[in-house]
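One structure is given below, represented as structure tokens, and several questions about it will come after.
Lettered A, B, C and D in written order, each chain numbered from 1.
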Amino acid sequence: MLIVMKANATDAEIDAVVRVVGELGYRAHPIPGAARTAVAITGNQSPVDSARFENLPGVAETVRVSKPYKLVTLGLHAEKTVVRVGDATIGGDELALIAGPCAVESRDQAFAIAEAVRRSGARFFRGGAFKPRTSPYAFQGLGEDGLKILAEIRDTYGLKIVTEAVDEAGVDLVERYADVIQIGARSMQNFTLLRRAGKSSLPVLLKRGLSATLDEWLLAAEYIMSEGNYQVVLCERGIRTFSQHTRNTLDLAAIPAVRRVSHLPVIVDPSHGTGKNYMVTALARAGVAVGADGLIVEVHNAPARALSDGAQALNLDQYEQLVSEVRAIFEVMAPAVVS
Amino acid sequence: MLIVMKANATDAEIDAVVRVVGELGYRAHPIPGAARTAVAITGNQSPVDSARFENLPGVAETVRVSKPYKLVTLGLHAEKTVVRVGDATIGGDELALIAGPCAVESRDQAFAIAEAVRRSGARFFRGGAFKPRTSPYAFQGLGEDGLKILAEIRDTYGLKIVTEAVDEAGVDLVERYADVIQIGARSMQNFTLLRRAGKSSLPVLLKRGLSATLDEWLLAAEYIMSEGNYQVVLCERGIRTFSQHTRNTLDLAAIPAVRRVSHLPVIVDPSHGTGKNYMVTALARAGVAVGADGLIVEVHNAPARALSDGAQALNLDQYEQLVSEVRAIFEVMAPAVVS
Amino acid sequence: MLIVMKANATDAEIDAVVRVVGELGYRAHPIPGAARTAVAITGNQSPVDSARFENLPGVAETVRVSKPYKLVTLGLHAEKTVVRVGDATIGGDELALIAGPCAVESRDQAFAIAEAVRRSGARFFRGGAFKPRTSPYAFQGLGEDGLKILAEIRDTYGLKIVTEAVDEAGVDLVERYADVIQIGARSMQNFTLLRRAGKSSLPVLLKRGLSATLDEWLLAAEYIMSEGNYQVVLCERGIRTFSQHTRNTLDLAAIPAVRRVSHLPVIVDPSHGTGKNYMVTALARAGVAVGADGLIVEVHNAPARALSDGAQALNLDQYEQLVSEVRAIFEVMAPAVVS
Amino acid sequence: MLIVMKANATDAEIDAVVRVVGELGYRAHPIPGAARTAVAITGNQSPVDSARFENLPGVAETVRVSKPYKLVTLGLHAEKTVVRVGDATIGGDELALIAGPCAVESRDQAFAIAEAVRRSGARFFRGGAFKPRTSPYAFQGLGEDGLKILAEIRDTYGLKIVTEAVDEAGVDLVERYADVIQIGARSMQNFTLLRRAGKSSLPVLLKRGLSATLDEWLLAAEYIMSEGNYQVVLCERGIRTFSQHTRNTLDLAAIPAVRRVSHLPVIVDPSHGTGKNYMVTALARAGVAVGADGLIVEVHNAPARALSDGAQALNLDQYEQLVSEVRAIFEVMAPAVVS
């Protein structure tokens, strides 16, 4: 923590700041500058609360120096975490492909899509049984019946099931039927849910919130890890900006940004990240090219009849084309990613 | 719903759109324009799913005309809702003042602040027992012990208690000890929580999410109301923007925007809305001047020692000054608000 | 400037940073922390270029401590600047009211509006002769003919004329016919224009850019002042955010934020700040309540026939009502503003 | 244009809207819906001014259907424009690479970098002689002397010169010494400058403004084209959002969005788009993968000594690596881009 004094701060005011630092058990280092003095704080084990200083007389502002997270950092774990789901991995040598419908709508629909997903070589099937919907009048998912269909798909095709939980009871159910707990963007700061997922033995796919900073996203992962579950995969899915040609603005720079501070694998969701069918493949290519560990993509056998998010779902042919294009880029990329 | 065709759409493509509209049981109204044709849809009782059209050949875009909510609208209830909490009101003739610490930290702290809040003439006391914190390592509130302190304050000072619930179990507890369930910005789209609050007999204070549009916020209220609880108060508390001189950007235009479509009362939180002690009173004045039904303000007897959000809390003198300033404006305002 | 080292930075890397600081002629102060070391820099007269450090081995990030502007600050000039335009002032004891049409469309239109503006007691008339329009096909203003009409209004009603210049040639013309040079939001970082305005003897009304931070806005004022023109008025007119219920999001917290660092007067534009007729008066009240030195408001004698921005213009009755409401608040406010 | 009436609009109010449409010479098509009536307008040659309707009694809102631009659209010109600069192209079969320093600082610096750029096979050299800087105290470029150095580089290496003009006088100079006029993000809505560039015989590289929507960006191109200059290249360089791990948020979805409506070529600037050296290559790969026609990249022979934007400049080795990686992706991509 650095406390920057106002240009006209008096010596008494600076002394007062130094005194408060001492009272808190830390060491103060006053650094006189040309225009104004700053006071650095050392000796703290946990973050210093800036509020203790911001309203003291003569203080202009406080600057946080240390990051507030630990378990997610490369400092703790220098190599990238490889999340293992049976014999499949996320963060390892293969490109993790997670594909499927936004929502499980029926056994027929889910199986038709799963067939194509399996054929593409993807290892993970996604599909929502509990859908967080903006409107109370929209289709909310099939609930446990949807999970049973997903479990059947796992048995039939050997695909690992990734599905969302929106509350603690949902985590119980996902644990019973699926392989990876998805935590959606709107739940990224549902701390009760994060803690519950942190107590699970299943890996967690943690989507970035619509307006989450990098630090907030990593701290959400830290919540999960602080309960003992270290199998966390981050997922960039677009942020909310003024821009209106997409549903969200896909922030691909988040991938190198995560890499620089964290050992956790990170994937890209080009479907929610754009909300437009015609853009999904282009942004999927970009996601692989930027160095993501995988993709999560919405696919539907009849997008125009989808009960949710049909506008962004690929049909089966488009999906097949996407897989072929991203695999080509991934192969070229491999050395770059490693470097 | 309006379906706008591309400039070069063929007659066959337009016919196909008309046919799909018919299949869905609606009526299609093709409107040829100078540059391109649009197809209007009527006859739908619920929102039309744009996905059914967006990927049809020749379609440029779809435009939603109807709003997706009902219970919150002036169409349903032309007069402003007055939320009654015992003998106090929000949305009635008086300016609703809700004040207190961010978090209940101890009996002494809470009582010292409550004393000042009571003296100011405010009818509501706020204080968090369950704090949603960005970091798992930050102070998370006293839990049920905090609620017990709040209940004592109610008994001692006759103040109505406003306190946050972050999950279903939390609502159970708030119902036992307090008067108004607060749903925080990070929980605005926690639909499990909204539904639970919708089944409560207590009024709900619903904060706007950090990146919530007006429609999303109103739909969150619609979730609560669709379960039968019509006692909802909206609260503008700042949105996330690029701007960095405040913690959030307080969007005061949301107050007239809500008024224009909804009968629900709406208040302003200048504390979270700015995050800076020195701005709170100025924005509180502005909130009253813009026509809000009340304010929720953080007050602390020793802001520099606060365990959370101290940087934005007013001390007792500052709070007293705020109340005097906003009351003066409210008195001048009264006819304007009515008009 | 503070240079924060990575947790695993070596002593040699820290030494290298210290050496570069020395080479630049500054002093380095290494401050070892629990987790990582920071190096503070003192002795610099002008801002240190962070680029010299950001890519050095072992450096995690750099933190700027000093602000990059001087002339706009309270450090230079502790009392608020009062901008004088003949016998009218902005930043003094009176509430500065600037009103008029978005664009001068005809002599009749401008005079009809000016008549009402004069009657309201406002001292300033606004009206655009050169309109920066998003589309090349939209009405671009009457040019010099518009300025001549404005000069006539000045002579007839004694109103001071505020009008926009979009390039250097425009400043020449505004100097010939008007009293205050307006620099629009889209021109806030047109540095050629800022420098030209800085050489004028007329005061400058500088609108905040759509995505300008506080620092960028103040630096734009600094450009003008660095050429010798100290008569600058800042104007908050809304920023671009995700929010879609208004044309822009009016950031009223910018007013106390400016006050805290700068001596320049600051006014509010509730017309562009909302873009919606029905909100203008409410936000005008809020602008005065937050402590602005004045308002700039769009008024039209026939808003539905306005050639630009008619959706936000008040008609003459609405304008009269606005003036009466904001004056009532300003009177109540006076002591608060002073304090 | 579609005019949506309020749910409780009276027949007389709807009739009044129809009447105004008729007075304007257009045709009105009332479409009664379940909840409310909409009135569609046809027969207009140019955009209808929504202001004429928004404040009429009973009107809820207006919805624009037609786009406000023409010359930039695929409707006008179905094939992608190939911008030719001597024997080099942008938008053709080759990947256009534009590289060089942010600012020309000296003959030695510029030649050292140009040598490497030439060696990489790039056809374009970038370098600023007139730098728009946020602070009046920052290095502003060498001016005409810088342009002379650039002209020498053209003669020596056969590289085409891309350099920025910030005002009309600057365009005169760029025309004398260089090959492509760059218009920077801060100038995207400097309409005087756009018109001047529209009268030039040189191609124009038009960067997207920090807070420009797709429509605003295309309309800026329309300004240039409406003056007769059809050689326009668009450049995505990041937008301003709440996100703070980058200097700007690179919006790669803008590339397919432009493709869908416009024939103009579009390139990506990963340097300004991130502002961080360590991210540039990753985002350059993503830019090519998403389907951009080229890249503009900042390179410096000694980034730590750069007089501007050094934090984002690649050194010569990093640049060489970038070129090799993006070429590999471009080769894989070729069929996808074509499709």
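Rule of thumb we're sticking to: a residue touches a chain if its C-beta (ideal position, glycine included) is under 8 Å from a C-beta of that chain, and two chains touch if they have at least 3 such contacts.
Every value quoted in this text rests on a predicted model; they were computed, and no experiment measured them.
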Original post:
Which chain's centre, taken as the mean of its Cα atoms, is farthest from the centre of subunit B?
Top reply: D
**OP:** Look at interface B-D and say which pair in A-C, A-D or C-D is its repeat, using the rule that over half of the contact pairs are identical by residue number.
**Re:** A-C
Subject >> Cα-centroid distance, subunit A relative to subunit B, in whole angstrom >> reply: 26
**OP:** Give, as an integer number of Å, the spacing between the C-alpha centres of subunit C and subunit B.
**Re:** 30
Subject >> Shared interface positions of subunit B, touching two or more other chains >> reply: 211, 240-242
**OP:** Over in the complex, which subunit C residues touch subunit D? Could you list them?
**Re:** 20, 46-47, 49-56, 68-69, 132-137, 166-168, 186-187, 189-192, 210-211, 215-216, 219, 222-223, 226, 240, 277, 303-307, 309-311, 313
Subject >> Residues of subunit C defined as touching subunit B within the complex >> reply: 211, 213-214, 239, 241-246, 249-257, 260, 273-274, 276, 278-279, 281-283, 285-291, 325, 328-329, 331-333, 336
Subject >> In the complex, subunit D residues that touch subunit B >> reply: 2, 4, 7-8, 29, 31-36, 38, 40, 42-45, 63, 65-66, 73, 75, 240-242
